[in-house]
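I've put the structures underneath this note.
Below, chain A partners chain B and then partners chain C, in two separate complexes.
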Partner chain A sequence: MLPPARIPEGGNVMNGVNAKKPSSRLSYLRSEERYAYAFIFPALASLLVFVFYPMLQALIVSFKDFNLISPDSEFVGLSNYIELLKDRDFLDSLLHSFHFAVVVIPVQTAIALGLALLIKRKTWYAPLFRTVYFLPVVIAIGVASTVFRLLYNNDFGLLNTILNAVGLPKIAFLSDPQAAIYGVMLLGIWKSVGFFMIIFLAGLNNISPDIYEAAQMDGASPWDSFWRITLPLLNRTTAFVVIITTIDAIKISGPIFILTGGGPAGSTTTATFFIVEKAFEEMQMGYSTAAAFILFVIVLAISLVQMKFFKTDVEH
Partner chain B sequence: MLKTLSLTLKLMVMLALAFVFILPIAWMALGSFRPHEEIFKFANVLEWRTLFPVEWTLQNYADLFFDTAEPFSRFIGNTLAVAATVTIFALFFNSLAAFAFAKMNFRFKRILFVFFISALVIPGEVTLVPTYLLMRNFGWINTYAALIVPSVISVFAVFLLVQFFSEIPRALLEAARIDGASWLRVYQSIVLPAAAPALVTLAIITFLGQWDSYLWPLVVISDQSKQMLQVAIASFTNMEMTEWGRILAADTVSSIPILLLFAFLQKYYVQGITMSGVKG
Partner chain C sequence: MRKSKLVRAMTGLLLALTVLAGCSSGGGGNAETGGSSAGEGGSEKVTIKYWRHDNDVEVDTLKQLIASFQKEHPNITVKMEIIPYADYETKIRTALAGKGAPDVMGIDGPNVAAYAYQDAVIPLDDYFAKDGDLDDIAKPVRDSLTYNDQIWAAPLNDASVAMFYNKKMFESKGVELPSKDPNEAWTWEQVLDAARKINDPGKGVYAIDPAWGVGAGEGSAFVKMPFIWQAGGEILSPDGGTADGYLNSPESKRAIEFFNSLYTEKLAAKELPPEAFETGKLGINVSGPWSIGGYAASHPNFKLGEDWDIAPLWKDAKQVTPNGSWNLAITKQSKHPDEAWLFLNWVTGKEGAKVWYEKTKNLPARLSVADAYPELKEYPMNIFVEQSSSFAHPRPVSPAYPTISKAITDLFEEVVLGGKNIDDSLGKAVETIDKAIEKTK
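Right, the complex of A and B next:
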């Protein structure tokens, strides 16, 4: 999901060197090429062994009845895929992932943009607030999840103490199947929103102040400026944030393992959690990998639709 | 008048948000210094003692580090060793590849680069099982090789560094080559120093990623004494009701290195995020 890189033409380094002796110039280039291949070899080998080969292997495994317990595995054709599409648990896990994503994408993106707008103006205290809002991003996922687990505790957690103090009813984020996914959302947003704030901040800084000044002179209110200038000019940044957030949100798993363990009553079992459980708890590796492929195709399709959406938006 | 009012309002919103962001971290750190009973005693009614310790103690930390069965320092040591090793190798190999792509000329360069970038699309969820099986075939299960070797090369890192390297003026390399320096020498004495900020950025991102890693060590490391920090911390949730102080102490102590790193190198980290999102 990264913008295309510029590959500069770096080869002209040797222009003019040994220009009078073509043969030696050729050997010079050959040596450059040899070095270049040697330099990229470790990276290339690693990608082949640890990314492309497993990807190919995944495709094969997903058509097998593969588990670690019995060594022989046979091809079962599409039956893993067909079974998955009928598997209530898998469909529910997809639903939970979508529920999570559908709430987190707009809420987190709006908060991230809001925070960026709050600290955009260059004051002496803006960097201070930026650091504070960004702090949860560097807190490790294991740490954040265990702390939130205690914060959410029904009897002694700080959250319910605060809710109680302001006269609100308790929320059982850890034991109420209706509420649990929102507990995960709260943790997810707290932890990631600062990251996207930084990206929005960079996008905002790219917009020339002159445009705002001109708009102000034409009598535009800050509200108008936001909708007519900031948002349209921020389109590329917003596209990046929304697409990355979508991918991260649909694939959410880390906090689930520690905060809820997929429960209560399976209410926070997301697709990735389902995939890992199937593979390493039930040892159904073929089935699990087929599920991962289905998830991959869904995520890819959504990303492509989003890219198209943001692109057409720009042309208007 | 209206302007002052709106500025005050804005500041109040900023402060309130700052409070929300900092509260879990403050509660964690302060709670780690409280005696066992105190954490539960003031939890019912909100007052200053709900957050601040009345009687400060280091007992939780002592329990954590002098646990004879599983001293916590072991997990910190394991994680530091793995994270540092991955970071050093990652800096070296990713920057070598990026240097070749950014500044050298060779056949199939464009195709190879597209091939590299295409790896970004392949998600870890899909390759999780086959990579695990590969580790089993290598006999790497329950060894640090499984944590280190597959984690070194990062397409994202190569991509990031290509962007930085391409800004180094070609004349600089040209001059060195005319003086007879080898390509390795050019890389070492010109490219690396010029790209120092980028390398610091990459080092932080790599180190933090390793410090944060949870799922992969959970899958490939089975021996508790070899386990990584996040998995060890997560396993504490099994003793939840009785040991809050100890959990919070573990959380606090494992956040300190990261917060220190962040305090000094924030600029580079933020720069890395900005580069990944906006440039290009």
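Right, the complex of A and C next:
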């Protein structure tokens, strides 16, 4: 990629046949530039108005004792932040979010890659499975969560009926605080794995078959090919998948609202759920905004570390 | 090609922003202001904006009341906006924050103090004194809407719950049936005894659902708090200043212990399928008058008097039932409070309340309505009417109520589902509540 052309004030940088009429060339580029700004403007304006301005306002609110419906509020300095770092419920909610992320990121990414490798094979049934695996992605999360609520029911749900029939112990995903977060993970993975499978499939299709053929000639086993060719060449795809999964995982909220309501006994209250509850149920806007900023800083830090980790100097 | 550090940092920042934007997408108020004064000369045209949550029967009734109101007051137009129940509180709160609130809002009883404390609604004492027939409203309901010695909302109706039991199940196990007399409620021990006899988890039949499961939400808190009051405990001190010494009193602790024992004895299920009672998977339930019509519509073969019956809600040291329902309040942002009151009084006044009862069959909050209909003096409605005037206990009237409500449902969840120590959980609930009260002092 070339850096944008820079024209020194009044200078002539064109030293070729095109440099006959420098002033018109210059004004052409200037008008190009104007158009560029015009094109950027709508996106930039909406970012400024709908993202950065509210963020700035939110930052201010996070230093206030701000009740959602009250017109009066006073600055309390860092006390929201200090209180949050001592709030057991908030720390627990962060822990739940990370527990969720730490399990979902590797498991979901591995399954997505595995499925992509399976359906990449050119068989007559591959398109069928591609559709089946992708189907959960297009189902509304509200509907999926409601259905999983029924499936998970301890005594009457399909899941436990099947477990019971094959002689396995029941899992009370909805009422056992130890199990509940795994129930949410299962729903989350089932819901999103198809999407990342498609992303991986695209990545796999970008790897030239010649490389595999060459490796085969040199006597590489499929196992070697996977570790030495597929994975390294998928680096950028994997980076994308992992970073997006991380963000999705940390801001998980849809299934929590419908499937578990943060329960049982607070065991699935993730950070985002905590923030929404505090803000709109308990109306403590300042407090919850401060919590949102703490989460923001954590996510920012994680994203930066991940990008450093996946950084590669090789362009494919 | 090498990416600069700045680009990477910016990308990270943007990704993180996505998260934050995802968290805060609920913002942005409705900028429209209520009311408009268009007419110059002659009677002023006024528009009253009214927001409430969805409920087909109630909305139809309100449409009828609005039509008759507009006929009586041709210069006033009432614009009703229906908001899905799950979004209602969030939407109204964002609108209040964004100065886009309606003139009249539906308000759940226990939230009145919080809205009053935040100056979001106006006191109605002067209006009630003029033509509101305040004394006609049942005292427990009045108390539940009174904060700082002022009344802040007008009730559409009251609510109460009773013990619903599967009569056939009782009879087949030879269990004595509870009395239908509101003054002869069963004690906890009697309920426990019957529950042990009818329990049959092997066949997928659970004895009792004492308080709508063990989840979160205002409904859940509504039916759980009475256990504490029945045992003789309280949630807050009489002045509302603290929960310490009340919520963690021996009486309150006994209530939690009894409630928890129903689950440890497996008489109650931590999870029930939907419609468990109507489909014969549950022996004893709590519910209100709305279920009478509800069961008749959804399960016509499950007949009151044959398959199931209603008894007064159980008691312990005291007979106590929950109360309070939805009300109407005038927002401080309203530019036409006088016209808003005319509408409020039209709907919740003596005549409006009769229409409301006839159409919705909700438990009346006005004594004159309770007197006007013979059916309210007969089984099964007499149980609810009698409970609501004699045994009802309002939920704590405190600006910290939203936190209190959550602390109570959290407490029950922690003990029953989390298996936590009762004293520890009570201690945590008291601490949470007192911290919230401290902020509103």
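Keep this in mind: the second predicted complex is superposed on the first by the 261 of 316 C-alpha atoms of A that agree within 3 Å, B and C clash if a C-alpha of one lies under 4 Å from a C-alpha of the other, contacts with A are read in each partner's own complex, and residues count from 1 in each chain.
As a convention for this text, a residue touches a chain if its C-beta (ideal position, glycine included) is under 8 Å from a C-beta of that chain, and two chains touch if they have at least 3 such contacts.
Since the model is a prediction, treat every value here as computed from it, not as a measurement.
Judged by the touch definition given at the top, the superposed model places A:A215 against neither chain B nor chain C.
Legend: residue contacts after superposition of the two complexes on their common chain; A:D65 is shown touching chain C, with no touch to chain B. When the two structures are aligned on the shared chain, A:Y35 is found in touch with chain B, with no touch to chain C. By the touch criterion defined above, A:L300 lies against chain B and chain C together after alignment on the C-alpha atoms of chain A. Residue contacts after overlaying the shared chain place A:I207 against neither chain B nor chain C. In the overlay built on the shared chain, the residue A:V143 is in contact with chain B alone; chain C does not reach it. Note on chain A: of its two partners chain C and chain B, the one contacting more of its residues is B. In the superposed model, A:L115 lies in contact with chain B only, and not with chain C. In the superposition on chain A, A:T272 contacts both chain B and chain C.
Once the two complexes are overlaid on the shared chain, A:P177 sits against chain C while remaining clear of chain B. When the two complexes are laid over each other on chain A, chain A has residues 1, 51, 54-55, 58, 150, 155-156, 251, 253, 272, 275-276, 280, 285, 292-293, 295-296, 299-300 in contact with both chain B and chain C.
Residues of chain A that touch chain C in their complex: 1, 51, 54-55, 58, 65, 67-72, 150, 153-156, 172, 174-177, 243, 247, 250-251, 253, 261-267, 272, 275-277, 280-283, 285, 292-293, 295-296, 299-300, 303-304, 307-308, 311, 313, 315.
Chain A makes touch with chain B in their complex at residues 1-14, 17, 29, 31-33, 35-37, 39-40, 42-44, 46-47, 49-55, 57-58, 61, 115, 118-119, 129, 131-136, 138-151, 155-158, 161-162, 164-165, 190, 194-195, 198-199, 202-203, 206, 236-237, 240-241, 251, 253-254, 257-258, 272, 275-276, 279-280, 285, 288-289, 292-293, 295-296, 299-300. Interface residues of chain C, counted against chain A in their complex, comprise 1-2, 8-9, 11-13, 15-24, 26-27, 89-90, 93-94, 96-97, 114-115, 118-120, 201, 204, 214-217, 269-273, 281, 402-403, 406, 410, 413-414, 417-418, 420, 436, 439.
Of all residues in chain B, only 10, 13-14, 17-18, 20-25, 27-28, 39-40, 43-46, 50-51, 93-94, 96-97, 99-107, 109-110, 112-113, 116-117, 119-123, 125-134, 149-150, 152-153, 155-156, 158-159, 162-163, 166, 170, 173-174, 177-178, 182-184, 187, 208, 211-212, 214-215, 218-219, 229-231, 233-234, 236-237, 240, 244, 247-248, 250-251, 254-255, 258-259, 262, 266, 269-270, 273-274, 276-280 touch chain A in the complex they form.
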